[in-house]
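Can you keep this structure in mind? I'll have questions shortly.
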Amino acid sequence: MDTADMGSFRGHALPGSFIFFTGAWWTAKCILKYACKKHKRTSYLGCKALFQRIEILEGIILICMALTGMTGEQFVPAGPHLVLYDHKEGQWVQLLSWHHFTMYFFFGLLGVMNILCFTISSLPTSLTKLMLSNAFFVEAFIFYNHTHGREMLDIFLHQLLVLVTFLAGLVAFVELFTRTNVIVELLRTSLVLLQGSWLWQIGFVLYPPSGGPAWDPNDHDNIMFLTICFCWHYALTFIVIGVIYAFVTWLVTSRLRRFCPSEVGLLKTADREQESEEEMRF
Amino acid sequence: MDTADMGSFRGHALPGSFIFFTGAWWTAKCILKYACKKHKRTSYLGCKALFQRIEILEGIILICMALTGMTGEQFVPAGPHLVLYDHKEGQWVQLLSWHHFTMYFFFGLLGVMNILCFTISSLPTSLTKLMLSNAFFVEAFIFYNHTHGREMLDIFLHQLLVLVTFLAGLVAFVELFTRTNVIVELLRTSLVLLQGSWLWQIGFVLYPPSGGPAWDPNDHDNIMFLTICFCWHYALTFIVIGVIYAFVTWLVTSRLRRFCPSEVGLLKTADREQESEEEMRF
Amino acid sequence: MDTADMGSFRGHALPGSFIFFTGAWWTAKCILKYACKKHKRTSYLGCKALFQRIEILEGIILICMALTGMTGEQFVPAGPHLVLYDHKEGQWVQLLSWHHFTMYFFFGLLGVMNILCFTISSLPTSLTKLMLSNAFFVEAFIFYNHTHGREMLDIFLHQLLVLVTFLAGLVAFVELFTRTNVIVELLRTSLVLLQGSWLWQIGFVLYPPSGGPAWDPNDHDNIMFLTICFCWHYALTFIVIGVIYAFVTWLVTSRLRRFCPSEVGLLKTADREQESEEEMRF
Amino acid sequence: MDTADMGSFRGHALPGSFIFFTGAWWTAKCILKYACKKHKRTSYLGCKALFQRIEILEGIILICMALTGMTGEQFVPAGPHLVLYDHKEGQWVQLLSWHHFTMYFFFGLLGVMNILCFTISSLPTSLTKLMLSNAFFVEAFIFYNHTHGREMLDIFLHQLLVLVTFLAGLVAFVELFTRTNVIVELLRTSLVLLQGSWLWQIGFVLYPPSGGPAWDPNDHDNIMFLTICFCWHYALTFIVIGVIYAFVTWLVTSRLRRFCPSEVGLLKTADREQESEEEMRF
């Protein structure tokens, strides 16, 4: 049963779902932080301790997911079982699985760094941003060298994946140099969401779940359709982010109003003016 | 009557004119803002409310234009009529029209975001910059994958269009990170103007309105001429911007002098010193 | 007598010399400004008015040089004499001359902008930086499309020219966003110097002034030599900049000491501390 | 005895070791500076003078290493012995050695600049950053033009070297524009470490020290393995940096505690709050 094998629909849909939900979670976290900062005088200190715990929890989850992925890649029946080179046959064993293994490993490193940075106070927290950027760059680099000798359609699909992964890494890298900016963070999460949903699309095209034949890999029209399909996926991520934004804002506003309605009302006008100035600066 | 079809002179000249006028309008707006900021002590508050209304109006116009373009692409006689895949023939329907449809859709999203950001005060206004940058990047991406299997001259013309669209997106993206800088905004609008006038040039080359034969698509000399022609178009945009600058500055100065001549005179020297300091910082 | 024709040794050495001397002059000006700023309390106001006049003079010289280049390209015996298209023969006339004409034109625009920005006080001075960056980008763009159908060695030589021109434009563009930084300005002038000396090298390789045969255009060893030759030219520009730096610093120090020795001595310690703080910030 | 010849295992392992140790030293220095800044009120002034002397010493060592490399490349038995062109045979002499010679020369220039900038106080210290960035860019440029007409595997190995060298130069260039940021400096040193260890890998692949046959240069599987091998090398540099970080931090903390335990204890809480604010800004 090669259900977790990358060469199948499920092998693309599973990591795609994981990445999509990670992206959705990062979007929610980033909007939550933004909303908390707006109301900072009332509840910022409590928020800060909470976010620290959330980051550590996130690190643990990331490590678990990475370990699951790494063992899955190694010990499925068709996997390499930790053997890198077959000396008898004189050839490398299952290099594609080792490629995925390496990607998961770097996301595991990101999890480790998350835990270290938020428990050891002397480490700068921007190290997690650097590791995130590195994990994306490594993923883009590996996918770029992943499709030697395949068909045109397959290469095109993976090139778009490389593009979106590289851009996500680039935005995470740019975040190292800017002060916290909700717009840039949302741009990064939108690219993560796009990456997840595009993995689904790759599964649909190369291994149709309906059991029908795969798409003609040498038809130029397929590539021209997938070009706009990619854009529609991107438009979809905006809608997902919009829904998350509306939900989180409603949650924060209603909860805060219930607990301390008068104080929020008083602070509102003062806050708004300060914010509008901040917005001018962006 | 395929008058709005992209495969004709009018099909290139119409969107070209729209883009050119949008660019001219953005240039005027940006110079107007710059001029208003200079005289801010006298009339800045009034200006701010005015600009907010202008942005909302701009959003509505953008949405209308995008809807017109989208319905036009779909329902011209040769259009796809909202059909994406022809199951009988087993092929995609009119993918080039769907390409243009997708581009218009992203400019429509920009319009929606314009309205949302300037009516809901909790949204940061830089979201419109992000959407603008995205709309240009999507347009560049689609044009890049637009010319599979065409002639050398056709590809070269569209590559230059991709170049200028990509650069416009890049400049809009850079604006996210810098404080408002009139030079960078004018650079972006100059690229939008160039994009509009270059669409006219494409129409002239591929579908000569005089009815004569199209240019020889495999003549290297044509490409070498279009290289410098592109530069001349760019020089033209500087002249257009210079004329708009002179006109707007004259308008602002003369109107302000009529209403409150003494006050402006008093403020002038104090303002100028402050400005010169700001200029030093650029 | 086609002595100013680009297809000759002199046709490369002449513009090369002009660009080299322009680069040397910009280096001297930039170091002079840096040295003046250090002694700003004693003589900055006088310097500022002086620099303004220098910029206007520079603009006039640039326009003269551009006009000379443009008329030279047009009216040499083998030139196009302002004819763009030969309707009889049905072909373009001397497109390479028109290429050079367009490059000169953009440097002429830079001169015009220099004069406008330093006479009309309402224009931001960073417009000259933008025009400089544009002039370099246009030059790189034209050179990139300049060598269709030539030999490997010729293309390689011009590609390196495109590289250095593009980098000069990029650095000038980056200067728009940073506060005045002597290091970045020197980097730009070093690239201009390199461009000038590389034009000499191109002349030597393609049209040996000794009258001997041109280099073998298909020998890989020639390309591998020119690779390191390019680096040596770059090292040379550092030495040129070092010599100019030493000369200008000696000039400023000795002249200032002669006029107001005691005052400079008093300010020196206070200045140095402030400078060292500024240096920390870079 | 061509032991220092680049066309051998030792010829790649020797410079690889040098670069690796330079990277390790820069990592240690950068973490030491970061740790010293944290305790700046107690010992910053002493540190500053110390670091100045260290930089000068580093410059001297760099010059010695560069001179060694340059003479080594020239005067090994198979070297060019300062002859560039063999007029008898009409061909270039040992251009690959001249390539390495040029690279060493630019690292020597970096050493000279290090000494000049830290002895002459009027030179801005960021000049060393610029020279470092230039040295890396020149190295990347030369390696890029180094492998004309070689096998696919050889080219791929050197392309990765170009990639990592170019990135190191880019990060050093970015450092010119940001205020001192420990994360970015560590990123640069990690790339230098990677460059050193990758030179070892190149030696292993092309000239196996076991004396066995070289790897099959046209096997796609070898390239796919080296892709992930490159990532593992990168993961290794993180571990090296982590170990150096732990060691240096332990050293600084224990030494400072021994000398002035009470004062450090008092400052600690005040420091930490300030730091956490600074970290927020990244």
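Which chain is which? They are A, B, C and D, in the order written, and residues in each are numbered from 1.
We take it that contacts are C-beta pairs under 8 Å (C-beta built on N, C-alpha and C of every residue); 3 or more make two chains touch, one makes a residue touch a chain.
In UniProt terms, the chains line up like this: A, B, C, D = Transmembrane protein 45A.
As the structure is a computational prediction, the values presented were derived from the model and not from experiment.
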Centroid comparison with chain D (C-alpha atoms), farthest chain
B
Can you compute the centre-to-centre distance for chain B and chain D, using the mean CA position of each chain? Integer Å is fine.
45
At what distance in angstrom does the C-alpha mean of chain D lie from that of chain C?
32
What are the residue numbers in chain B that touch two or more other chains?
none
So with touch defined the way it is at the top, what topology do the chains form here? Options are line, ring, star, complete, other.
ring
Chain-to-chain touches, reported pairwise for every pair that qualifies
A-B, A-D, B-C, C-D
Touching residues (chain side chain A, partner chain B) in the complex
38, 174, 178, 181-184, 186-187, 220-225, 227-228, 230-232, 234-235, 238, 249, 272, 276, 279-282
Spell out the part of chain C that touches chain B in their complex, as residue ranges.
84, 91-92, 95-96, 98-99, 102, 105-106, 109, 121-122, 124-127, 129-130, 134, 138, 141-142, 145-146, 148-149, 176-177, 179-180
